[in-house]
Amino acid sequence: MADELSFPTGLGTSTPETISLLGQDLAADLMGKVGFGELAYWLVAGRRPTPGEVRLFEAVLVALADHGFTPTAIAARLTYLSAPDSLQGALAAGLLGGGSRFLGVTEDCGRFLAETLVAAGTERDYDVIALAAVRRAREEKRFIPGLGHPVHKEQDPRTPVLIAIAEQEGLRGPHLRLFEAIGRVHPQVLGRRLPLNGAGVCGAALADLGLPTDLLRGFALLARAAGLLGQLAEEQARPAGMNMYRDVERHAVEVPLDWTDEGSTPGHG
Amino acid sequence: MADELSFPTGLGTSTPETISLLGQDLAADLMGKVGFGELAYWLVAGRRPTPGEVRLFEAVLVALADHGFTPTAIAARLTYLSAPDSLQGALAAGLLGGGSRFLGVTEDCGRFLAETLVAAGTERDYDVIALAAVRRAREEKRFIPGLGHPVHKEQDPRTPVLIAIAEQEGLRGPHLRLFEAIGRVHPQVLGRRLPLNGAGVCGAALADLGLPTDLLRGFALLARAAGLLGQLAEEQARPAGMNMYRDVERHAVEVPLDWTDEGSTPGHG
Amino acid sequence: MADELSFPTGLGTSTPETISLLGQDLAADLMGKVGFGELAYWLVAGRRPTPGEVRLFEAVLVALADHGFTPTAIAARLTYLSAPDSLQGALAAGLLGGGSRFLGVTEDCGRFLAETLVAAGTERDYDVIALAAVRRAREEKRFIPGLGHPVHKEQDPRTPVLIAIAEQEGLRGPHLRLFEAIGRVHPQVLGRRLPLNGAGVCGAALADLGLPTDLLRGFALLARAAGLLGQLAEEQARPAGMNMYRDVERHAVEVPLDWTDEGSTPGHG
Amino acid sequence: MADELSFPTGLGTSTPETISLLGQDLAADLMGKVGFGELAYWLVAGRRPTPGEVRLFEAVLVALADHGFTPTAIAARLTYLSAPDSLQGALAAGLLGGGSRFLGVTEDCGRFLAETLVAAGTERDYDVIALAAVRRAREEKRFIPGLGHPVHKEQDPRTPVLIAIAEQEGLRGPHLRLFEAIGRVHPQVLGRRLPLNGAGVCGAALADLGLPTDLLRGFALLARAAGLLGQLAEEQARPAGMNMYRDVERHAVEVPLDWTDEGSTPGHG
C-alpha cells in the first residue's frame, strides 16, 4: 500500500515486557550503569561516549549550569511567583531566554570555529588560520564569538580549566586549538587583549567532542535546566521574586508614549 | 543620588484610586469605549488608530487566527492532553511554533517589502521596483516571502479580500501596492505564476498600517492566541489529542540510530 | 475498515479554493465583517455573540490587557533581552506567568460563583446565597476569589464600570449579581470591607456571558497577550530589561545554602 | 537606610577573578570533578550527595529521559518544524507537557508516599500502612499514584531494577518500602493486581533521597530535557514532524460546532 505511514526512531520504544532506548534494554543495560550526562551525550550524538568524553562533556555542563541572577533565572523566579502551580512553566520560561544573546554564545562559537576550519582548507597552522579569521571579522565589523566578557575582563577562570581537562583526556582538538590561537593573535588586529570566555570555550569543546553544531545551544539549555531547578528550589526555600517584582514596580515612572515616530512609515495609499 | 533607578513606561500604571493605561483612565475612558483589536494596535503602535485602520487590522487578525490542524494547533492540543492543569502552558506551547517557517511569513513579507521600498529610492513605478526585487531574489536563490502556497495553488482567497478592504478604507499603501506588483511581474522571471498568499498580504497590510516591522510576527501570534483558545475549547469538548498521539505512536518503527556519521567531526586532538 | 481514523473539527479547514472557519467562508463572510474580539468569543463559545455581548466581552479584555510592570511583563522583557531573535519566546514566557496567583483570579472567581449558584439550588435571594457562601469560606479558612486588592484598597475602578456596561447591555446576570451581593454582605462576616477587584468582576462577567468556566483563564491570557506585545514594543523602543536585570544582580548577596534541613527527610533505609 | 534591598543566594555569584557556585570555586573545585547529575542534585537539595546517592539519582534520570513518541516528544518535534530558528522554543514546548497527567506521576507518587508516612504516625509495618492507604483511596474513589501502566500491564521492567539499585546503595528507604508494600497488598482491596510503574518508583526513590517533594516533577523535567534533545537531534537527522502533521491534517473532518450547549449557562440577567 502506497500510503504506509511509519515513523522510524532509534530512541525509545517499548513492548509490554521491555523498554528499549538507543537500541539497549533500558532497565537491564542502562539504569545504574550509564550516567545521566553520558546518556544525554549518547542521545544527541547517536553513539556512546568514552569515559574521557563524558568527563569533558560534564565539565561543560557544570560550567554552564548557573550564573546567579541572570535574566533567565529572574524570569523563572517571577514566573514561579505568578504561577506556583506549574513548575514546568517556570522552567520553560527560564529556558526561553536561551537565545542569541546570552546562552547562544556557546553555539555561535562552536559554529564559527567549525566554519573557519572548513574554510581554512589544508592550512594547518592555527595561528595563521586564526589571524585571517580575526582580520575578516574585523573587516566585516562582526564580533568574534567567545571573545570578551563583561565581568571577567582579564581572564575567565573556566577557560584554562576546560582546556586542561580536554588535554588530560586527549580531546584538545582542532576547535579548541583554533580558539586558543584566536586568544593569542587577536591583539595584533584588535589592538587590545580580550579574554576567551567560558561560553565560548564550552562551544569549542563540544565541537571537538563531535557534537552537531546546530544542537550546541541545546547543551547550554540542558545545563541551564539544572541551574534553573536550583534557582526554583532556592525560590521555594527563600523567596526573592516578590521583592524583585516590587523593586521594579516601585521605580516605574509614567511617561508619554513616544515611540510613535520611530521605525514606522505611514500607511496611506 | 547617582543611583537613581527609574523605569519609564507609557503603558499601565496605577494609584489606589485609578488605573492608567496609555495615558488614559482605563475604567472611565477605555473600558466599553475601545475595542480589543483597537487597544492591541494602540499598545504596539503607540497611537490610537482610526476606525478604518481598526477594520483593516482586525481583518488581518481574523485572517490569521486559525488554520485548523496546523503544527501549532496539534502541539497545543497534545500539551493540554499531557498537562490539563495548565492552560497557559498549552497556549504557550502552541505559540512557540510561531517562528520562521509557519507564522513568520507575515513578518518576513512585511520586512521584505519595507526594505525593498527603501532600496528603491526615488523610483515610483511599483512594477519596476518589483521586477528588480524578484530578479535579485532569483539571482541570490532566495524565496520571495508571501509568494506561493501549498494548498491554495491558484489563488489564496484572503488576498483579494484584504486588498479590497484596504482600498475601501483608504489604506492601500506602498507595501500592498508593491506586493500586488510582485504578483503581476514574477511570472516573467520565475516562468510560472504563484499565488500571493494570505500570510504575506497580511504582512503587507500591517506594514501599510505603520506598525513596526520587528513586531509584525507579534500580531500573527496575537491572532493565533485566539485560534489556539478555540482549539483548546474544542479539545475540551471533543478530545482528539489522545488519538493523535496514539496514531503517531502506533506507526513508530524501531531502527538503528544512524546519524552518527552526519554533521559531526571526530574530536581527537 | 475498523481503523478509520478521523479528527472532527468545527474550526478551520480548507480546500484549494476556500478557507472555512467556524462553518463560515473566512474570506467572504468573516474578514472585514467580524471583529477580532467577536471572533475570539465565537471560537471559544461555539456561537456568534450579539453586539452587546461583544461590547461586554471586549471591555473585559481591555480591563485585563496590561497592568504595567507585573511579574509577567518583567519576565517577557527579560526573555526578550536574552533572546531577541524569538519574539514568540518572550511572549510565551510572559504568558506562562498566567497561573494560579496573578491571572488565575478571573477563572477562580467565575468558577466559585458558578459553583455557588449551582449549590444554592432554588434559592433566589443573592444576599442570602452570598452570606452562606462567605460564611462557608470563612469556616474553611478559604479566600473568596475576587475580594480584596493590594493597591485599590477602597474600590477597584474597573468594577462599577464593568457592572454598568453589563447593565446597559442587558447582561447583568446571576454571576455578577451574586458577586455584587458578596460585596454587600461580606463585612458582616469578615468584620471589614474589602473591594470587589477587577479580575474578579471580569470572571463574573465572562461567566454571565456563558463562556466555559474552565477556559476563563484563557481570556485573561488573550488579553494579556496584547498587553505583552505592548510591553515588548516599549522594550524595543525604550529598553528597560537590562537595567532591571542589573539592578537585581547588583543586590545579590552570597550566603550559605541553608535549606538543607527544610522539607526533606533523610533517605536511608 | 530601611530600604536596603538585597537578594541573598547560595547559588552562583562572581567577581572579575572567580566564579562561585554552591559556595565552591566553579573552575577549581567543580569542573571536571563533579558530574552533571551530582551537580543537579546538589543544586536542588542544597547538599552534596554521596556516590551511592548519585548512582540512584542518575538511574532515575536515565529511567525518565525518553519514552519515544510521547505527546511531549511530538509537541517538541512539531514546534521545531514550525520554528527551526528557536531550539529553546521546541525544548520548552516539550517540557510544557510535563504536567499533571504524564510526567506528574513521579511527583504525585512521592508526595502520596510522604503524606501517607506522616499520617501513619508511629506505625512501622509497611503492609499495614499500605493497606489502610489503599482502602482510603478506594473509599475516596481516588487513584493511587504509581499503580498501573497502559503498556506494561504485568510488570514495569524499571521497577525491580531501581529497587535493586537502591538496595545496593543502602538507600531503600521508607518511601520505596511503602511503595513495595502497596504493590503487595492492593489486590486484597482492588480485586486485581496492577504493576508498580516506573514513574512511581522513581518518585519513591527521589523521596528516599531526601529531595523536596514539591520539586520531584523538576527531576522528571530535567531527565526529559535530555530526552527531548535526543528527539530534536533525530528530527534534524531524520525529519518526521512534517509527516506527523500531514497525517493529522489529512484525517481532519469538518463538522458543525456543537459544544454550545455543554458546560455553559446563558448569561441574561
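Note that the chains are named A, B, C and D in the order they appear, and that numbering of residues resets to 1 at the start of each chain.
Quick note on the criterion: a contact is a pair of C-beta atoms (placed from the backbone, for glycine too) under 8 Å apart; a residue touches a chain by one contact, two chains touch by 3 or more.
On a predicted model such as this, the values are computed, not experimentally measured, just so you know.
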What is the set of chains touching both subunit C and subunit D?
A, B
Count the touching C-beta pairs: is A-D or B-D ahead?
A-D
Farthest chain from subunit D, going by the mean of C-alpha atoms per chain?
B
Just curious, how far off is subunit B from subunit A if you go by their C-alpha centres, in Å?
28
Here the gap between subunit B and subunit D, centre to centre from mean Cα coordinates and rounded to Å, is 35
Using mean C-alpha positions as chain centres, tell me how far subunit A is from subunit D in Å, no decimals.
24
In subunit A, residues with contacts to at least two other chains
5, 7-11, 13, 45-46, 68-69, 83, 85-86, 88-89, 92-93, 96-99, 103, 212, 214, 233-234, 236-238, 244, 247-248, 251-252, 257-259, 262-263
If every chain is a node and every touching pair an edge, decide which shape results: line, ring, star, complete or other.
complete
Listed in rising order, subunit D residues that touch subunit A in their complex are 5, 7-19, 21, 25-28, 30-32, 34-37, 39-40, 43-46, 55-56, 58-59, 61-63, 65-69, 86-89, 91-93, 95-99, 103, 151-155, 157-158, 160-162, 164-165, 198, 212, 214-215, 217-219, 221-223, 225-227, 229-234, 236-238, 240, 243-244, 247
Which subunit C residues qualify as touching subunit A in the complex?
68-72, 74-75, 78-79, 81-86, 89-90, 92-93, 96-104, 233-234, 236-238, 241, 244-245, 247-249, 251-252, 257-259, 262-263
Given the complex, residues on subunit A that touch subunit B span 5-11, 13, 20, 22-23, 45-47, 53, 83, 85-86, 88-89, 92, 96, 114, 166-167, 170-177, 207-214, 248, 251-260, 262-269
